[in-house]
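Order as written gives the chain letters A, B and C; numbering starts at 1 within each chain.
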Amino acid sequence: MQHKARIALTAIGILGLSMAAQAQDGEQYITLASTTSTEASGLFDSIIPKFTGKTGIEVRVVAVGTGQAFEIARRGDADSLLVHDTVGEEAFVAEGYGTERADVMYNDFVIIGPDGDPAGIADADTIAEALQLIAEAQAPFASRGDDSGTNRAELRLWEAAGVEADGEWYRELGSGMGPTLNTAAGMDAYVMSDRATWVAFENPQNLELLFEGDEALFNQYGSLVISEERHPHLKHDLAGQWHQWLLSEEGQQAIGDFTVNGQQLFFPNAE
Amino acid sequence: MPSDSGAFVTALNLILGLDPDLLNIVALSLQVSLTAVALATLIGLPLGAALALWRFPGHGVLVVALNALMGLPPVVAGLCVYLLLSRAGPLGELGLLFTPTAMVVAQLVLVLPIIAALARQQVEELHQEYREQLTSLGLSRLRMIPTLLWDARLGLVTVVLAGFGRASAEVGAVMIVGGNIDGVTRVMTTAIVLETSKGDLPLALGLGIVLLGLVALVNAGAYLVGETSRRKLG
Amino acid sequence: MNDMTTLSITETPALELHGVSFTHRGQRLLGPLDLRLTGCRRTLVMGPNGAGKSLLMRLAHGLLAPSAGRVDWQGRTPRQAMVFQRPVLLKRSALANLTYALAVNGTPRPERRARAREALERFGLAALEKRPARVLSGGEQQRLALARAWLLDPEVLFLDEPTSALDPAAIKAVEDAVQEFHCRGTRILMSSHDLHQARRLADEVLFLNAGRLIEHTDAATFFTAPASKEARAFIRGELVL
């Protein structure tokens, strides 16, 4: 029996070592906290290899909701941050967790709904009008309800439209963008999505894009440089290279070149 | 809705195509879950046996706590390990967050109570039967542990499999502490969540079928070993 | 088996019980009793069900601690073994059950298999060495338990109703085994409620009733002229109350 125990221990040792080896593999890497929308659309799969090819730095993306991404960065668990909540990003810098914030790109939000468009929002002139129509019709509306960047933007839009988003028709799901779209498809509800996730989404069922184009639906992404003073252990040098590359002509070009089904999803707008 | 056959075709393509990304994910899934289960077994079996053999103040509380922890939500386990391994946490210095090692730790937290609690039951039953004979042979309780574990091995295989089932099926814990990083910490379950959120349900379901197949394989292996020794040892 | 008797060169220490009693949940189940056992005699513990025979054996062997009084071995604690009414065998082969016992008592690994086989042979189990111990018949299991005890070379052997669940052939085998132990110089303490068995085996008798030691006498005296009315009733096959 002792013999067997020794074999088991050896096996575990080997497993452990191989795991340590794996962790050592990419010595040159940074951890990037970002949002599900960028990951799910496939943007990172398209642009990161270009960055890695140039610098040899691997970028490991932890894709979570914006709120969680901020929290991960605040705790010093990510070297870099790329999110889409300008208000939150500015607060992050103001609190001293970040030293710099820069616009990288934007996409926009769109309103998706069942193909019959029961609330008739397709003809609305503004997003405010579209939302008012949905509320008047008491048509089911699926909200992320997860304090993500998209969720925060959606709540601001309801407020701007002067509509109290409340009642049985308004359903807070507490889910990411993809699961929310899946649920909306299942209950024929209206839903606000970022364009990137929507275009890459493969389970639309009866849903289609019903409203787009209002400037209020503008969705700005920003890259943040995390404070070296607050988190000295992070890979600030490598993260700085990533930040600069995103803003560089090359990085901006890579973002603009990314398409899904021939459609450009993100529009570079670094200054 | 995608048809079921679509998912099966996808699963078949995934397997037959030997897609390198898939192989990586499968290998990492097995590596993480098997390591977690192996560690949980090494710790959990003696721990369960000790709880079966010794009575001390607070014993009942410990047993109840262990049984309750069997139902620990993976997300909670993940969150606790995250706070532990986070840079701002007590073990942040180790830099283990978002690595496979962190995932092993999280799954260990999930699996250990299952293995220890179920092992305690099995060993306790056997101890009832063996106690007088082993005492008569002059064994101390400490020396009874290997004997009891070995003789309870058929039941304990099922216990370890229950632990493996939990480890390989859970997603909440590895998602939080692993981060679902492509090529680094992405495992079967987190990949399924990702593909579901992309709306690629056939691929998600296909991955699910592959995962189920893997778990079935491991179980079949254990079943064969169990049956063989059952036939041999009655 | 005469060559075996030379094995026990040193004398087996006497066993003394001083004011031993056993209480469970406020109820006294045995004692208080005093007792002294010496030499290599075959002592049969007799009495009706519930008299405390099993308790006495377990207290003497050390499986239970007395609630009051003390169990003393004079000089040193001897090698002991116990055979139970229902043999407890490990979930392994017959042979492995024996090598296990040898491993526990510190026999060097290279010697274990040969000695275990020898014991299997002695107890007529050689053909069954690879069989799982738990699928053997009741009689075979009890013989295996005796073989295991044999390997431990006990100076004192406790047997708790070892034949009560067996058929006559198996009973014979167990009784023969007890005689072999006796010839080897082992002190025997065996409980039984079978008078005929006691007549066949006993040098002396401990008669218990309702947790009290009623008689401790030579077998001849006990069976011909028991001193107590309980023992007289027991021998006549009456219900002892």
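The rule we apply is simple: contacts are C-beta pairs under 8 Å (C-beta built on N, C-alpha and C of every residue); 3 or more make two chains touch, one makes a residue touch a chain.
Just so we're clear, the structure is a prediction, and the values are computed from it rather than from any experiment.
Enquirer: Based on Cα centres, what is the most central chain?
Expert: Located nearest the centre of all protein C-alpha atoms is chain B.
Enquirer: Have a look and report which chain pair racks up the highest count of C-beta pairs in contact.
Expert: A-B
Enquirer: Which chain has its C-alpha centroid farthest away from the centroid of chain A?
Expert: The chain lying farthest from chain A is C.
Enquirer: Counting only Cα atoms for the centres, state how far chain A is from chain C in Å.
Expert: Roughly 78 Å separates the two chain centres.
Enquirer: With centres defined as the mean C-alpha position, give me the chain A-chain B separation in Å.
Expert: Comparing mean C-alpha positions, chain B is 31 Å from chain A.
Enquirer: Where the CA atoms of chain B average out and where those of chain C average out, how many Å apart are those spots?
Expert: Result: the chain centres lie 47 Å from each other.
Enquirer: Which of the residues in chain C end up touching chain B in this complex?
Expert: Touch residues, chain C against chain B: 58, 61-63, 80-82, 84, 88, 90-93, 100-101, 104-105, 131-135, 152.
Enquirer: For chain B, which residues are in contact with chain A within the complex?
Expert: 1-2, 31, 34-35, 38-39, 42, 86-89, 92, 95, 97-101, 104, 146, 150, 179-182, 184, 194, 196-201
Enquirer: Over in the complex, which chain A residues touch chain B? Could you list them?
Expert: 1, 8-9, 11-12, 15-16, 18-20, 22-23, 26, 31, 36, 39-40, 44-45, 60-64, 74-77, 176-179, 181-182, 200-205, 231, 233
Enquirer: Show which residues of chain B lie in contact with chain C when the two form their complex.
Expert: My answer: residues 129-130, 132-133, 135-139, 143, 147, 151, 154, 232-234.
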